[in-house]
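Okay, got some structures for you below.
In the two assemblies presented below, subunit A is common to both, partnered first by subunit B and then by subunit C.
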Partner chain A sequence: MSARNGNGERHTTLLALTSSAMLLPAYQGAQADAPPEYTELGLRYSKYKEDDIPGRKSFGSGSERYDIDVAQFHLLAPVADSWSVALDVAWEDMSGASPWFVGESADGDPRVIMSGASIEDTRTEVSVNTRYYYDRGNAGLSYTNSDEDDYQSDAVSLDGAFNSADGMRTYAAAISASWDDIEPTQGAVPTNTLQDDKDIRSAWIGVSQIVSKRAIVRFGLSYTYRDGFLTDPYKNRDSRPDERKEWTASAGYRHFFQQQDAALHVDYRYFDDDWDVVSHTLDLSWHQNVNDQLQLIPFLRYYSQDEAEFFDVVADTSQRYYADDYRLSAFGAFTYGLRLRRELGNWSLNLAGERYKSDESWGLYSGDEAPGLVDYWRYSLGVDYVFR
Partner chain B sequence: MLRVDHDFRAMGGPGRLRLEVTGRAQADAAIAAALAEVGRLERKYSRYLEDSVTTRINRAAGADPVSIDAETAGLLDYADTVWRESDGLFDLTSGVLRRAWDFSADRLPAQADIDALLPLVDWQAVERDAQTVRLARPGMEIDLGGVVKEYAADAAAAQLRDAGVAAALVDLAGDMVAVGTPADRPGWPVGIRHPAQRQQAIAALELPPGALASSGDYERCITVDGRRYGHVLDPRSGWPVRGLVAVSVLAPQCMVAGSAATVALLKGAQGIAWLDALGLPWLAVDDDLQCHGTLARA
Partner chain C sequence: MKYLSACCLLAALCGCTTVQPWERGLLAKPEMQWQPDTMEGVLQNQIHASKEASSGGSGAAGGGCGCN
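Our next item is the complex of A and B:
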């Protein structure tokens, strides 16, 4: 406690007293789940750009891949004492080419044949949510509609959270269902179906626990059942089972470091499904408060997955199920990036940039390298406004 | 809009709830909930009641650990934080020094009596975990009064909020918590009493949502050979601290405001620099009755 400068002392002393006090039940009660006090409005623009596929991995001289622009609108408003409503709208504009199939070159190397740069699509997603806040938690109901040229989806979800009497533990659960219609755009490439559909059902349970003045742990389990046309309609050599059962288990830890005025978030997720895909995701992020107005969040994610049982680098179309989709191959990937949040009175500004790179040799599981593996950049710029 | 004032006595002092409500029924329910909460905390932590948590802990000093609930563990954790942040000056075990000091007679205690009590003043001899607490030495005592009164003010305010009251002021013997603001003003008009002339306000302010806590009781002292000895004792020496006679602090939580005021008082003359660095609005009155701080009248 000695030899600290005035500023350091001021910050840590007040922070220590406040964070210690806030763990007491009276303050937990005072912070009982309540709807937002003010209406919040947000706008965000994001750009997602996949790296070009190089000539040595494709037939031809290399090709551009997907480029997606996303604009998002968010509105959250309190209604009455214990309700809130939210409206989210997103517009996506997608263009570029995606891998059509993988063939072998004359010297035996697998190479991608791209779909050609003719794919253009726009998607509009509208989501409405209403949430009820009660003494010991909250419950929400959402409806989402997504509409694009070749795909329609309607989804509903219900979620709830319940806090223990001492406010130290929260139990949460969610269920969701979606009904999707697929009607591939004809013309660019022959498609695997003219019209089909699929249903998705999902359930999730989780618990989080405050373990000390500065640490929180959480655990979650989920199950997702997909039923219907799960084959990629645009890929030439793709035939997948019409059912997929997925399980995930996740754990997270958050620790606040008082001296640094920063928080470390560590999250891990295990995924397993009946297509034999297994994956591990490890997320690390450091939430650094630079001052009262500025927060910097560098983050790093590691991802590794094992290939689906019917995946081959060059699809074996003599089998019942087959696919050469790089997303079903064995690989490892790193994402690194930086988020920045700046508060300016009722305004806040959010900037983010991240780089994703994947490689078969970075994975925990061995497999042949899919030539279509993707690298990409993503940037976003957002502003939020609170009407207070 | 209906204004309701309710006066009561709790925790050894006068209390008042001021509410702005839409109807009498809402006011009655909110007042009942707030008073029940203050009463609950008083019964739970009073050192005068036989079956209080404090009495149970003190009675088992030097013996077996005593089971405690999460709220008590949280209060002890908080007291530990204040102890650390005050470099050991804020010590819940220092109440035993009252056995040597009698502030009703103008007579100083014998140094030997103080020396005999000092080994019992030792926060580090309070063995704690999340479920139990044990005072390591027989004769040791803890007194949670130093945090519970302000905590009770916050808890009462939380009850008013939960009862749907949008604007209220809780006043527990000078420790105040404002919920919202009155309909026609930016804050609740409150005065900070002059430490020597109790009928006179040394500062007046409009308390915005948040809390104001004060520490120091100028009148509770003894004067020997023309020298004033206040009732705030330094846990290291067992003698009254010098430098400041009264401190008031504004903070989002009354408990934080109260601890800040008490720690500043314990720090004596250095309390002024400490408050300056803390970053909360404050007012301190020194031994010469001079005012300092961001709330002092210009």
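Our next item is the complex of A and C:
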């Protein structure tokens, strides 16, 4: 997702690419430490739409928020006997408005002032990955470039996995670095910088273990260090530290139920950082095979975070650091949805729909409600093809 | 409690009966992978990371974008 309003957050596209490749079947069978048998191709279109912000939470009669179209392309191909290459490209086109700052109404209620005129921007992201498979594991190298009008990022990552002699356990690790440049678009409102940059360094270790013929578990730890301009350049009342240190601990579990012909996925992540943000994320999904061609996947995600130490619903600009960004507030959120996969020979059709709703009262941590909290819908439609 | 959790974790990791490679058919099914749908995972991670204060945890963090 992309916006003209850049913010201080780093994102996880490369993470997802590397982790999805890195954590694949190395754990699960002897055939896993070999390149894919066939070339695979995927295309996906997604529509992301945020709910309007109501008049009671904003000055004026309410406002539309972001509306984003996303197209994705994925190619994974075997090369020689021991290598694979992957290419991922994403295009995003977005328009809408975002919270600019939070003020107080005449009766003392916090209300959002939106960014005003509709924002238009596009983003293109290209990722390439090459992977080498050896007897007891695999190793990959990735490069990702993300380009938009006001933001450019280059990132590299290296990962590896090593299986125990009996193949029951896999040890994995990854490191990454990125270099990002920010040059906010100059419009009707002043920005917090004209040009700046930020860097990120990250490391991750994980171990997975086959528990039985039907179950596998994994644990992971990560550390991420962000350095540079982490303030949101477009928000009116935003000043953040130039450093951020983050830690995560995560666990995952997969269990196949033979009688139901279905797989249960359970994932949990604990997050902590030196901005006093703490969060818990629980993901549940049920992968039901209806027949040989059709799979239905209902899913549910719960997320809760504590607020950053410098967050206030109405920012206190007399402090050294301050922000009224709803994403730094204490809140809880539920995501629920359904995915469908239909096999048609070498083709497969993929459909997905999900709803995200957030509220301060749903969180595990107390805090004042930020009026800018977001709800959204997302729909996806796509096809995959295997060159058998 | 911490020690109990650690013991349970160690027991879970060490006490497993060896599952032979030819017995791993169910584990190798596509729906048993950590992320069966790469593109879906990429998109979901990106959306959540742009709307929440925390991200990462399933690998080394990636590059950024001006996502808002």
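What to note about this one:
We adopt the following convention: the second predicted complex is superposed on the first by the 355 of 388 C-alpha atoms of A that agree within 3 Å, B and C clash if a C-alpha of one lies under 4 Å from a C-alpha of the other, contacts with A are read in each partner's own complex, and residues count from 1 in each chain.
Note that contacts are C-beta pairs under 8 Å (C-beta built on N, C-alpha and C of every residue); 3 or more make two chains touch, one makes a residue touch a chain.
If you're wondering where the values come from, they're calculated on a predicted model, not measured in any experiment.
Between subunit B and subunit C, it is C that contacts the larger number of residues in subunit A.
By the touch criterion defined above, A:81 reaches subunit B but does not reach subunit C. By the document's definition of touching, neither partner reaches A:137: not subunit B, not subunit C. In the superposed pair of complexes, A:298 makes contact with neither subunit B nor subunit C. In the overlay built on the shared chain, the residue A:168 is in contact with subunit B and with subunit C.
Where the contact sets of subunit A with subunit B and with subunit C meet, they give residues 1-2, 6-7, 9-14, 16-18, 20-25, 27, 29-30, 32, 166, 168, 213.
By the touch criterion given at the top, residues 1-7, 9-25, 27-32, 42, 44, 46, 48, 66, 70, 72, 74, 88, 90, 98, 121, 123, 125, 144-146, 148, 150-151, 153-155, 157, 159, 166-169, 174-176, 178-180, 182, 198, 200, 202-204, 207, 209-214, 216-220, 222, 224, 232, 234, 246, 248-250, 252, 254, 256, 258, 262-263, 269, 271, 273, 275, 277, 279, 281, 287, 289, 295, 303, 305, 308, 327-328, 333, 335, 339, 341, 350, 352, 356, 358, 374, 376, 378, 380, 382 of subunit A touch subunit C in their complex. By the touch criterion stated above, subunit C contacts subunit A in their complex at residues 9, 12-13, 16-19, 21, 23-29, 31-43, 45-68. Against subunit A, the residues of subunit B that register as touching in their complex are 37, 70-71, 74-75, 77-78, 81-82, 84-85, 87, 151, 154-155, 157-159, 161-162, 164, 251-253, 255-256, 259-260, 273-274, 276-280. Interface residues of subunit A, counted against subunit B in their complex, comprise 1-2, 6-7, 9-14, 16-18, 20-27, 29-30, 32, 81, 135, 166, 168, 213.
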